[in-house]
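Read from first to last, the chains carry the letters A, B, C and D; within each, the first residue is number 1.
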Amino acid sequence: MNEPSLHVLAKLRVIYGDTDQMGVVYYANYFRYFEFSRSEYLRARGGSYTDFEKSGFGLPVVSAHCDYKRPAKYDEVLIVDVHLAELRRASMRFEYEVRREADGVVLATGHTVHACVGASGKPTGLPESLVKLLRP
Amino acid sequence: MNEPSLHVLAKLRVIYGDTDQMGVVYYANYFRYFEFSRSEYLRARGGSYTDFEKSGFGLPVVSAHCDYKRPAKYDEVLIVDVHLAELRRASMRFEYEVRREADGVVLATGHTVHACVGASGKPTGLPESLVKLLRP
Amino acid sequence: MNEPSLHVLAKLRVIYGDTDQMGVVYYANYFRYFEFSRSEYLRARGGSYTDFEKSGFGLPVVSAHCDYKRPAKYDEVLIVDVHLAELRRASMRFEYEVRREADGVVLATGHTVHACVGASGKPTGLPESLVKLLRP
Amino acid sequence: MNEPSLHVLAKLRVIYGDTDQMGVVYYANYFRYFEFSRSEYLRARGGSYTDFEKSGFGLPVVSAHCDYKRPAKYDEVLIVDVHLAELRRASMRFEYEVRREADGVVLATGHTVHACVGASGKPTGLPESLVKLLRP
(Lines give C-alpha, C1' and ligand atoms only; values in the text may rest on other atoms or scores of the structure.)
Protein backbone atom coordinates (compact mmCIF):
# COMPACT_ATOMS: atom_id res chain seq x y z
CA MET A 1 0.00 0.00 0.00
CA ASN A 2 2.86 2.35 -0.67
CA GLU A 3 2.20 3.50 -4.22
CA PRO A 4 2.72 7.25 -4.60
CA SER A 5 -0.75 7.58 -6.04
CA LEU A 6 -2.20 6.92 -2.61
CA HIS A 7 -0.37 9.75 -0.98
CA VAL A 8 -2.49 12.83 -0.49
CA LEU A 9 -0.97 16.27 -0.08
CA ALA A 10 -2.88 18.57 2.24
CA LYS A 11 -1.89 22.21 2.25
CA LEU A 12 -2.31 24.68 5.07
CA ARG A 13 -0.93 27.97 6.29
CA VAL A 14 0.43 28.44 9.81
CA ILE A 15 -1.53 31.06 11.73
CA TYR A 16 -0.24 33.23 14.56
CA GLY A 17 -2.35 31.32 17.04
CA ASP A 18 -0.46 28.12 16.17
CA THR A 19 2.85 29.56 17.34
CA ASP A 20 4.21 29.80 20.86
CA GLN A 21 6.69 32.15 22.50
CA MET A 22 9.62 30.19 21.05
CA GLY A 23 8.48 31.74 17.75
CA VAL A 24 7.59 28.40 16.17
CA VAL A 25 4.55 26.15 15.86
CA TYR A 26 3.63 24.67 19.25
CA TYR A 27 4.27 20.95 19.23
CA ALA A 28 0.69 19.85 19.91
CA ASN A 29 -0.56 21.69 16.83
CA TYR A 30 1.12 19.24 14.47
CA PHE A 31 -1.53 16.77 15.55
CA ARG A 32 -4.15 19.24 14.39
CA TYR A 33 -2.34 19.37 11.04
CA PHE A 34 -2.29 15.57 10.91
CA GLU A 35 -6.04 15.49 11.51
CA PHE A 36 -6.65 18.07 8.80
CA SER A 37 -4.71 15.91 6.36
CA ARG A 38 -6.71 12.80 7.33
CA SER A 39 -9.92 14.57 6.37
CA GLU A 40 -8.36 15.59 3.09
CA TYR A 41 -7.24 12.02 2.56
CA LEU A 42 -10.77 10.68 2.90
CA ARG A 43 -12.09 13.42 0.66
CA ALA A 44 -9.48 12.64 -1.99
CA ARG A 45 -10.65 9.03 -1.92
CA GLY A 46 -14.23 10.12 -2.47
CA GLY A 47 -15.34 9.79 1.13
CA SER A 48 -16.01 12.07 4.05
CA TYR A 49 -15.51 11.58 7.75
CA THR A 50 -18.80 13.35 8.37
CA ASP A 51 -20.68 10.72 6.36
CA PHE A 52 -18.76 8.01 8.15
CA GLU A 53 -19.84 9.39 11.53
CA LYS A 54 -23.41 9.83 10.34
CA SER A 55 -23.52 6.14 9.51
CA GLY A 56 -22.84 5.49 13.19
CA PHE A 57 -19.12 4.84 13.23
CA GLY A 58 -16.07 6.57 14.61
CA LEU A 59 -12.30 6.29 14.23
CA PRO A 60 -10.88 7.46 17.56
CA VAL A 61 -7.14 7.81 17.82
CA VAL A 62 -5.52 4.96 19.75
CA SER A 63 -1.96 6.16 19.41
CA ALA A 64 -0.26 9.30 18.07
CA HIS A 65 3.36 10.09 17.46
CA CYS A 66 5.39 12.96 16.03
CA ASP A 67 9.10 13.49 15.45
CA TYR A 68 10.07 17.13 15.10
CA LYS A 69 12.97 17.83 12.73
CA ARG A 70 12.86 21.58 12.13
CA PRO A 71 10.47 24.26 13.34
CA ALA A 72 7.54 25.48 11.28
CA LYS A 73 6.95 29.20 11.47
CA TYR A 74 4.13 31.68 11.25
CA ASP A 75 2.72 32.30 7.78
CA GLU A 76 4.60 29.43 6.20
CA VAL A 77 2.68 27.15 3.88
CA LEU A 78 3.00 23.54 4.92
CA ILE A 79 2.31 20.41 2.95
CA VAL A 80 1.17 17.40 4.94
CA ASP A 81 1.91 14.30 2.89
CA VAL A 82 -0.41 11.65 4.31
CA HIS A 83 -0.89 8.04 3.40
CA LEU A 84 -2.62 5.00 4.81
CA ALA A 85 0.22 2.73 5.91
CA GLU A 86 -1.87 -0.10 7.30
CA LEU A 87 -5.46 -1.22 6.99
CA ARG A 88 -6.58 -3.97 9.36
CA ARG A 89 -9.92 -5.53 10.17
CA ALA A 90 -10.73 -3.06 12.92
CA SER A 91 -7.95 -0.48 12.83
CA MET A 92 -5.80 1.59 10.54
CA ARG A 93 -2.58 3.53 10.60
CA PHE A 94 -1.84 6.81 8.87
CA GLU A 95 1.64 8.17 8.32
CA TYR A 96 2.48 11.84 7.85
CA GLU A 97 5.33 13.94 6.59
CA VAL A 98 5.09 17.70 7.05
CA ARG A 99 7.10 19.72 4.55
CA ARG A 100 7.66 23.42 4.08
CA GLU A 101 6.20 24.27 0.71
CA ALA A 102 8.80 26.91 -0.13
CA ASP A 103 11.77 24.54 -0.20
CA GLY A 104 10.40 21.07 0.43
CA VAL A 105 12.33 20.67 3.68
CA VAL A 106 10.83 18.02 5.98
CA LEU A 107 9.80 19.59 9.28
CA ALA A 108 8.15 16.65 11.00
CA THR A 109 7.04 13.07 10.52
CA GLY A 110 4.53 11.10 12.48
CA HIS A 111 1.76 8.55 12.56
CA THR A 112 -1.59 7.86 14.15
CA VAL A 113 -3.37 4.57 14.77
CA HIS A 114 -7.16 4.51 14.77
CA ALA A 115 -9.63 1.91 15.99
CA CYS A 116 -13.08 1.58 14.52
CA VAL A 117 -15.98 1.95 16.96
CA GLY A 118 -19.69 1.56 16.41
CA ALA A 119 -22.55 3.74 17.63
CA SER A 120 -22.22 2.34 21.14
CA GLY A 121 -18.56 3.33 21.27
CA LYS A 122 -17.58 -0.36 21.24
CA PRO A 123 -14.78 -1.59 18.96
CA THR A 124 -16.05 -3.06 15.71
CA GLY A 125 -14.74 -4.11 12.33
CA LEU A 126 -14.33 -1.42 9.71
CA PRO A 127 -17.52 -1.19 7.64
CA GLU A 128 -17.27 -2.60 4.12
CA SER A 129 -18.03 0.80 2.58
CA LEU A 130 -14.97 2.35 4.20
CA VAL A 131 -12.69 -0.53 3.30
CA LYS A 132 -13.76 -0.26 -0.35
CA LEU A 133 -13.03 3.43 -0.28
CA LEU A 134 -9.59 3.00 1.22
CA ARG A 135 -8.41 -0.12 -0.58
CA PRO A 136 -6.77 0.76 -3.89
CA MET B 1 -27.14 41.22 41.01
CA ASN B 2 -23.86 42.89 41.78
CA GLU B 3 -23.18 41.84 45.35
CA PRO B 4 -19.55 40.77 45.81
CA SER B 5 -20.70 37.46 47.20
CA LEU B 6 -21.81 36.39 43.76
CA HIS B 7 -18.45 36.91 42.19
CA VAL B 8 -16.53 33.70 41.70
CA LEU B 9 -12.75 33.67 41.37
CA ALA B 10 -11.40 31.00 39.03
CA LYS B 11 -7.67 30.39 39.10
CA LEU B 12 -5.54 29.02 36.30
CA ARG B 13 -1.95 28.95 35.14
CA VAL B 14 -0.89 30.03 31.65
CA ILE B 15 0.72 27.17 29.73
CA TYR B 16 3.28 27.48 26.95
CA GLY B 17 0.71 26.40 24.40
CA ASP B 18 -1.43 29.43 25.27
CA THR B 19 1.26 31.87 24.19
CA ASP B 20 2.12 33.06 20.69
CA GLN B 21 5.30 34.36 19.14
CA MET B 22 4.70 37.81 20.60
CA GLY B 23 5.58 36.10 23.91
CA VAL B 24 2.14 36.65 25.43
CA VAL B 25 -1.15 34.80 25.65
CA TYR B 26 -2.82 34.62 22.22
CA TYR B 27 -5.95 36.74 22.21
CA ALA B 28 -8.42 33.93 21.44
CA ASN B 29 -7.32 32.00 24.53
CA TYR B 30 -8.88 34.52 26.89
CA PHE B 31 -12.22 33.13 25.73
CA ARG B 32 -11.08 29.71 26.89
CA TYR B 33 -10.27 31.25 30.26
CA PHE B 34 -13.70 32.88 30.33
CA GLU B 35 -15.33 29.51 29.68
CA PHE B 36 -13.28 27.86 32.39
CA SER B 37 -14.50 30.49 34.85
CA ARG B 38 -18.14 29.97 33.80
CA SER B 39 -17.87 26.29 34.72
CA GLU B 40 -16.34 27.26 38.04
CA TYR B 41 -19.16 29.76 38.55
CA LEU B 42 -21.82 27.10 38.12
CA ARG B 43 -19.92 24.74 40.38
CA ALA B 44 -19.59 27.41 43.07
CA ARG B 45 -23.38 27.83 42.94
CA GLY B 46 -23.86 24.13 43.42
CA GLY B 47 -24.54 23.29 39.79
CA SER B 48 -22.69 21.76 36.90
CA TYR B 49 -22.87 22.46 33.20
CA THR B 50 -22.60 18.75 32.53
CA ASP B 51 -25.80 18.09 34.48
CA PHE B 52 -27.46 20.99 32.69
CA GLU B 53 -26.58 19.48 29.31
CA LYS B 54 -27.68 16.02 30.43
CA SER B 55 -31.10 17.44 31.21
CA GLY B 56 -31.36 18.37 27.53
CA PHE B 57 -30.39 22.04 27.55
CA GLY B 58 -27.52 24.10 26.25
CA LEU B 59 -26.24 27.65 26.70
CA PRO B 60 -24.52 28.50 23.42
CA VAL B 61 -22.64 31.78 23.24
CA VAL B 62 -24.53 34.45 21.31
CA SER B 63 -21.98 37.19 21.73
CA ALA B 64 -18.45 37.42 23.14
CA HIS B 65 -16.24 40.39 23.84
CA CYS B 66 -12.82 41.02 25.33
CA ASP B 67 -10.82 44.20 26.00
CA TYR B 68 -7.10 43.55 26.39
CA LYS B 69 -5.31 45.88 28.83
CA ARG B 70 -1.96 44.22 29.49
CA PRO B 71 -0.49 40.95 28.27
CA ALA B 72 -0.63 37.75 30.28
CA LYS B 73 2.52 35.67 30.14
CA TYR B 74 3.60 32.06 30.32
CA ASP B 75 3.53 30.48 33.77
CA GLU B 76 1.65 33.38 35.36
CA VAL B 77 -1.26 32.53 37.61
CA LEU B 78 -4.40 34.34 36.52
CA ILE B 79 -7.56 34.98 38.44
CA VAL B 80 -10.73 35.21 36.40
CA ASP B 81 -13.28 37.13 38.42
CA VAL B 82 -16.64 36.14 36.92
CA HIS B 83 -20.15 37.19 37.79
CA LEU B 84 -23.59 36.89 36.29
CA ALA B 85 -24.47 40.42 35.24
CA GLU B 86 -27.88 39.71 33.75
CA LEU B 87 -30.37 36.90 34.00
CA ARG B 88 -33.31 37.05 31.57
CA ARG B 89 -36.08 34.66 30.66
CA ALA B 90 -34.12 32.93 27.93
CA SER B 91 -30.63 34.39 28.11
CA MET B 92 -27.90 35.46 30.48
CA ARG B 93 -24.79 37.61 30.49
CA PHE B 94 -21.55 36.89 32.29
CA GLU B 95 -18.87 39.51 32.91
CA TYR B 96 -15.20 38.75 33.45
CA GLU B 97 -12.14 40.45 34.80
CA VAL B 98 -8.81 38.68 34.36
CA ARG B 99 -6.19 39.66 36.93
CA ARG B 100 -2.59 38.62 37.43
CA GLU B 101 -2.49 36.88 40.80
CA ALA B 102 0.97 38.16 41.73
CA ASP B 103 0.04 41.84 41.83
CA GLY B 104 -3.69 42.05 41.14
CA VAL B 105 -3.17 44.00 37.91
CA VAL B 106 -6.16 43.77 35.55
CA LEU B 107 -5.09 42.22 32.25
CA ALA B 108 -8.42 41.96 30.46
CA THR B 109 -12.14 42.42 30.89
CA GLY B 110 -14.94 40.96 28.84
CA HIS B 111 -18.40 39.52 28.68
CA THR B 112 -20.38 36.76 27.03
CA VAL B 113 -24.10 36.50 26.32
CA HIS B 114 -25.72 33.07 26.24
CA ALA B 115 -29.08 31.92 24.94
CA CYS B 116 -30.83 28.89 26.33
CA VAL B 117 -31.64 26.12 23.86
CA GLY B 118 -33.56 22.88 24.32
CA ALA B 119 -32.74 19.41 23.06
CA SER B 120 -33.80 20.35 19.53
CA GLY B 121 -31.38 23.27 19.49
CA LYS B 122 -34.34 25.67 19.50
CA PRO B 123 -34.34 28.71 21.84
CA THR B 124 -36.26 28.13 25.04
CA GLY B 125 -36.76 29.70 28.44
CA LEU B 126 -34.17 28.93 31.10
CA PRO B 127 -35.33 25.91 33.10
CA GLU B 128 -36.59 26.70 36.61
CA SER B 129 -33.83 24.57 38.18
CA LEU B 130 -31.12 26.73 36.63
CA VAL B 131 -32.81 29.99 37.53
CA LYS B 132 -33.07 28.87 41.16
CA LEU B 133 -29.42 28.00 41.16
CA LEU B 134 -28.35 31.32 39.72
CA ARG B 135 -30.73 33.67 41.49
CA PRO B 136 -29.33 34.74 44.86
CA MET C 1 -13.07 52.87 3.20
CA ASN C 2 -16.03 50.68 2.41
CA GLU C 3 -15.59 49.94 -1.28
CA PRO C 4 -16.19 46.24 -2.01
CA SER C 5 -12.79 46.02 -3.67
CA LEU C 6 -11.16 46.29 -0.27
CA HIS C 7 -12.92 43.28 1.11
CA VAL C 8 -10.77 40.19 1.16
CA LEU C 9 -12.28 36.70 1.26
CA ALA C 10 -10.28 34.17 3.25
CA LYS C 11 -11.27 30.55 2.89
CA LEU C 12 -10.74 27.78 5.42
CA ARG C 13 -12.08 24.38 6.34
CA VAL C 14 -13.28 23.52 9.84
CA ILE C 15 -11.23 20.71 11.38
CA TYR C 16 -12.40 18.25 14.01
CA GLY C 17 -10.19 19.91 16.60
CA ASP C 18 -12.11 23.16 16.14
CA THR C 19 -15.37 21.60 17.29
CA ASP C 20 -16.58 20.98 20.82
CA GLN C 21 -18.97 18.46 22.30
CA MET C 22 -21.95 20.55 21.20
CA GLY C 23 -20.98 19.37 17.71
CA VAL C 24 -20.15 22.86 16.46
CA VAL C 25 -17.12 25.13 16.27
CA TYR C 26 -16.05 26.23 19.77
CA TYR C 27 -16.69 29.94 20.16
CA ALA C 28 -13.07 30.97 20.81
CA ASN C 29 -11.95 29.48 17.50
CA TYR C 30 -13.75 32.15 15.48
CA PHE C 31 -11.04 34.52 16.70
CA ARG C 32 -8.47 32.19 15.16
CA TYR C 33 -10.42 32.41 11.91
CA PHE C 34 -10.47 36.21 12.20
CA GLU C 35 -6.70 36.24 12.63
CA PHE C 36 -6.22 33.97 9.64
CA SER C 37 -8.25 36.38 7.53
CA ARG C 38 -6.22 39.37 8.75
CA SER C 39 -3.05 37.71 7.47
CA GLU C 40 -4.77 37.05 4.16
CA TYR C 41 -5.90 40.67 4.06
CA LEU C 42 -2.36 41.97 4.40
CA ARG C 43 -1.15 39.49 1.81
CA ALA C 44 -3.87 40.54 -0.62
CA ARG C 45 -2.68 44.14 -0.21
CA GLY C 46 0.86 43.12 -1.01
CA GLY C 47 2.13 43.05 2.55
CA SER C 48 2.93 40.46 5.17
CA TYR C 49 2.58 40.56 8.91
CA THR C 50 5.89 38.74 9.21
CA ASP C 51 7.69 41.58 7.41
CA PHE C 52 5.85 44.08 9.56
CA GLU C 53 7.07 42.37 12.73
CA LYS C 54 10.59 42.06 11.34
CA SER C 55 10.68 45.83 10.92
CA GLY C 56 10.14 46.09 14.68
CA PHE C 57 6.42 46.69 14.93
CA GLY C 58 3.45 44.81 16.26
CA LEU C 59 -0.34 45.12 16.07
CA PRO C 60 -1.61 43.59 19.31
CA VAL C 61 -5.34 43.20 19.69
CA VAL C 62 -6.86 45.81 21.98
CA SER C 63 -10.44 44.64 21.66
CA ALA C 64 -12.19 41.67 20.07
CA HIS C 65 -15.85 40.94 19.53
CA CYS C 66 -17.93 38.22 17.89
CA ASP C 67 -21.67 37.76 17.41
CA TYR C 68 -22.64 34.17 16.72
CA LYS C 69 -25.64 33.72 14.42
CA ARG C 70 -25.56 30.07 13.40
CA PRO C 71 -23.14 27.29 14.21
CA ALA C 72 -20.30 26.30 11.91
CA LYS C 73 -19.72 22.58 11.67
CA TYR C 74 -16.91 20.15 11.08
CA ASP C 75 -15.66 19.91 7.50
CA GLU C 76 -17.61 22.93 6.31
CA VAL C 77 -15.77 25.44 4.18
CA LEU C 78 -16.04 28.92 5.63
CA ILE C 79 -15.44 32.25 3.97
CA VAL C 80 -14.20 35.01 6.22
CA ASP C 81 -15.02 38.32 4.55
CA VAL C 82 -12.64 40.82 6.16
CA HIS C 83 -12.20 44.52 5.61
CA LEU C 84 -10.41 47.38 7.27
CA ALA C 85 -13.20 49.52 8.70
CA GLU C 86 -11.05 52.18 10.32
CA LEU C 87 -7.48 53.35 9.96
CA ARG C 88 -6.27 55.84 12.57
CA ARG C 89 -2.89 57.31 13.40
CA ALA C 90 -1.96 54.55 15.84
CA SER C 91 -4.73 51.99 15.59
CA MET C 92 -7.00 50.17 13.16
CA ARG C 93 -10.19 48.21 13.18
CA PHE C 94 -11.00 45.14 11.13
CA GLU C 95 -14.52 43.84 10.58
CA TYR C 96 -15.37 40.24 9.76
CA GLU C 97 -18.27 38.28 8.39
CA VAL C 98 -18.03 34.50 8.46
CA ARG C 99 -20.15 32.75 5.84
CA ARG C 100 -20.72 29.12 5.00
CA GLU C 101 -19.39 28.64 1.48
CA ALA C 102 -22.05 26.11 0.49
CA ASP C 103 -25.01 28.48 0.80
CA GLY C 104 -23.62 31.86 1.74
CA VAL C 105 -25.41 31.89 5.10
CA VAL C 106 -23.81 34.28 7.60
CA LEU C 107 -22.63 32.35 10.66
CA ALA C 108 -20.92 35.10 12.62
CA THR C 109 -19.83 38.71 12.47
CA GLY C 110 -17.22 40.47 14.54
CA HIS C 111 -14.47 43.01 14.77
CA THR C 112 -11.03 43.52 16.27
CA VAL C 113 -9.23 46.73 17.17
CA HIS C 114 -5.44 46.82 17.02
CA ALA C 115 -2.93 49.27 18.40
CA CYS C 116 0.46 49.78 16.84
CA VAL C 117 3.46 49.15 19.08
CA GLY C 118 7.17 49.62 18.42
CA ALA C 119 10.07 47.34 19.28
CA SER C 120 9.88 48.35 22.95
CA GLY C 121 6.23 47.33 23.12
CA LYS C 122 5.24 51.00 23.52
CA PRO C 123 2.35 52.45 21.51
CA THR C 124 3.46 54.26 18.39
CA GLY C 125 2.01 55.68 15.19
CA LEU C 126 1.48 53.28 12.31
CA PRO C 127 4.58 53.30 10.09
CA GLU C 128 4.15 55.07 6.77
CA SER C 129 4.87 51.87 4.84
CA LEU C 130 1.88 50.12 6.42
CA VAL C 131 -0.44 53.07 5.93
CA LYS C 132 0.49 53.21 2.22
CA LEU C 133 -0.24 49.53 1.94
CA LEU C 134 -3.61 49.78 3.61
CA ARG C 135 -4.86 53.06 2.20
CA PRO C 136 -6.59 52.54 -1.15
CA MET D 1 15.68 7.50 38.20
CA ASN D 2 12.42 5.74 38.90
CA GLU D 3 11.87 6.39 42.60
CA PRO D 4 8.26 7.38 43.33
CA SER D 5 9.46 10.52 45.06
CA LEU D 6 10.42 11.96 41.72
CA HIS D 7 6.96 11.63 40.28
CA VAL D 8 5.02 14.87 40.23
CA LEU D 9 1.23 14.94 40.05
CA ALA D 10 -0.22 17.83 38.08
CA LYS D 11 -3.94 18.43 38.37
CA LEU D 12 -6.17 20.10 35.82
CA ARG D 13 -9.81 20.29 34.85
CA VAL D 14 -11.02 19.59 31.30
CA ILE D 15 -12.70 22.64 29.77
CA TYR D 16 -15.38 22.62 27.10
CA GLY D 17 -12.93 23.98 24.57
CA ASP D 18 -10.76 20.88 25.02
CA THR D 19 -13.51 18.57 23.80
CA ASP D 20 -14.50 17.77 20.23
CA GLN D 21 -17.75 16.63 18.66
CA MET D 22 -17.10 13.05 19.73
CA GLY D 23 -17.84 14.38 23.24
CA VAL D 24 -14.35 13.67 24.55
CA VAL D 25 -11.03 15.49 24.82
CA TYR D 26 -9.52 16.06 21.37
CA TYR D 27 -6.40 13.95 20.98
CA ALA D 28 -3.95 16.83 20.43
CA ASN D 29 -4.92 18.42 23.74
CA TYR D 30 -3.25 15.66 25.75
CA PHE D 31 0.04 17.16 24.61
CA ARG D 32 -1.05 20.44 26.16
CA TYR D 33 -1.71 18.53 29.39
CA PHE D 34 1.73 16.92 29.15
CA GLU D 35 3.32 20.34 28.78
CA PHE D 36 1.39 21.69 31.75
CA SER D 37 2.70 18.82 33.86
CA ARG D 38 6.30 19.47 32.72
CA SER D 39 6.07 23.01 34.05
CA GLU D 40 4.70 21.68 37.31
CA TYR D 41 7.52 19.16 37.43
CA LEU D 42 10.18 21.85 37.17
CA ARG D 43 8.37 23.95 39.75
CA ALA D 44 8.16 20.99 42.14
CA ARG D 45 11.93 20.59 41.79
CA GLY D 46 12.44 24.24 42.67
CA GLY D 47 12.98 25.45 39.12
CA SER D 48 10.99 27.29 36.49
CA TYR D 49 11.02 26.99 32.74
CA THR D 50 10.73 30.76 32.49
CA ASP D 51 14.03 31.20 34.36
CA PHE D 52 15.58 28.52 32.21
CA GLU D 53 14.57 30.39 29.05
CA LYS D 54 15.72 33.70 30.49
CA SER D 55 19.17 32.22 30.95
CA GLY D 56 19.25 31.69 27.19
CA PHE D 57 18.29 28.03 26.87
CA GLY D 58 15.36 26.12 25.45
CA LEU D 59 14.09 22.53 25.58
CA PRO D 60 12.22 22.05 22.31
CA VAL D 61 10.35 18.80 21.84
CA VAL D 62 12.14 16.36 19.56
CA SER D 63 9.59 13.59 19.78
CA ALA D 64 6.13 13.20 21.31
CA HIS D 65 3.95 10.16 21.77
CA CYS D 66 0.59 9.36 23.34
CA ASP D 67 -1.39 6.14 23.74
CA TYR D 68 -5.07 6.73 24.36
CA LYS D 69 -6.77 4.16 26.60
CA ARG D 70 -10.09 5.73 27.58
CA PRO D 71 -11.60 9.10 26.79
CA ALA D 72 -11.35 12.06 29.13
CA LYS D 73 -14.52 14.13 29.34
CA TYR D 74 -15.58 17.69 29.95
CA ASP D 75 -15.36 18.89 33.54
CA GLU D 76 -13.42 15.85 34.73
CA VAL D 77 -10.42 16.46 36.94
CA LEU D 78 -7.33 14.79 35.53
CA ILE D 79 -4.08 13.94 37.24
CA VAL D 80 -1.01 13.94 35.05
CA ASP D 81 1.63 11.81 36.74
CA VAL D 82 4.91 12.97 35.22
CA HIS D 83 8.45 11.84 35.80
CA LEU D 84 11.83 12.31 34.23
CA ALA D 85 12.66 8.91 32.75
CA GLU D 86 16.00 9.79 31.21
CA LEU D 87 18.53 12.56 31.65
CA ARG D 88 21.33 12.69 29.10
CA ARG D 89 24.07 15.17 28.34
CA ALA D 90 22.00 17.18 25.91
CA SER D 91 18.52 15.70 26.05
CA MET D 92 15.88 14.37 28.41
CA ARG D 93 12.79 12.24 28.32
CA PHE D 94 9.62 12.74 30.32
CA GLU D 95 6.97 10.07 30.78
CA TYR D 96 3.34 10.76 31.53
CA GLU D 97 0.31 8.92 32.82
CA VAL D 98 -3.03 10.71 32.73
CA ARG D 99 -5.54 9.46 35.27
CA ARG D 100 -9.10 10.44 36.06
CA GLU D 101 -9.04 11.79 39.59
CA ALA D 102 -12.47 10.42 40.51
CA ASP D 103 -11.54 6.75 40.17
CA GLY D 104 -7.86 6.62 39.30
CA VAL D 105 -8.51 5.02 35.91
CA VAL D 106 -5.64 5.52 33.47
CA LEU D 107 -6.84 7.42 30.40
CA ALA D 108 -3.59 7.88 28.52
CA THR D 109 0.14 7.38 28.73
CA GLY D 110 2.87 9.05 26.74
CA HIS D 111 6.31 10.53 26.60
CA THR D 112 8.22 13.44 25.16
CA VAL D 113 11.91 13.78 24.34
CA HIS D 114 13.54 17.19 24.56
CA ALA D 115 16.85 18.49 23.25
CA CYS D 116 18.65 21.36 24.89
CA VAL D 117 19.37 24.37 22.68
CA GLY D 118 21.31 27.54 23.42
CA ALA D 119 20.46 31.14 22.57
CA SER D 120 21.36 30.58 18.93
CA GLY D 121 18.93 27.70 18.68
CA LYS D 122 21.88 25.29 18.30
CA PRO D 123 21.98 22.03 20.28
CA THR D 124 24.02 22.26 23.45
CA GLY D 125 24.65 20.31 26.64
CA LEU D 126 22.17 20.79 29.48
CA PRO D 127 23.44 23.58 31.75
CA GLU D 128 24.83 22.44 35.10
CA SER D 129 22.17 24.37 37.00
CA LEU D 130 19.39 22.39 35.34
CA VAL D 131 21.11 19.05 35.82
CA LYS D 132 21.54 19.78 39.54
CA LEU D 133 17.88 20.64 39.78
CA LEU D 134 16.75 17.47 38.04
CA ARG D 135 19.19 14.97 39.47
CA PRO D 136 17.90 13.52 42.75
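Going forward, contacts are C-beta pairs under 8 Å (C-beta built on N, C-alpha and C of every residue); 3 or more make two chains touch, one makes a residue touch a chain.
Just so you know, these numbers come straight off a predicted model, no measurement behind them.
Asker: Which chain maximises the distance between its CA centroid and that of chain C?
Answerer: Measuring from the centre of chain C, the most distant chain centre belongs to D.
Asker: Could you quickly compare B-D and A-B and let me know which has more C-beta contacts?
Answerer: B-D
Asker: Report the inter-centroid distance (CA atoms only) between chain B and chain D in whole Å.
Answerer: Their C-alpha centroids are separated by 27 Å.
Asker: Could you give the separation in Å between the centres of chain A and chain D, each centre being the mean of its C-alpha atoms?
Answerer: Their C-alpha centroids are separated by 24 Å.
Asker: Using mean C-alpha positions as chain centres, tell me how far chain A is from chain B in Å, no decimals.
Answerer: Distance between chain centres, rounded to whole Å: 33 Å.
Asker: Could you say which residues in chain B touch two or more other chains, in rising order?
Answerer: 16-17, 22, 24, 28, 31-32, 35, 74
Asker: Touching residues of chain C toward chain B in the complex: what are they?
Answerer: 22, 24, 27-29, 31-32, 35, 58, 60-68, 71, 112
Asker: Which residues of chain A touch chain C once you look at their complex with the stated criterion?
Answerer: Against chain C, chain A makes touches at 13, 15-17, 31-32, 35-36, 39, 48-50, 74-75.
Asker: Going by the contact rule at the top, pick out the chain C residues touching chain D in the complex.
Answerer: 16-17, 19-24, 26, 28, 74
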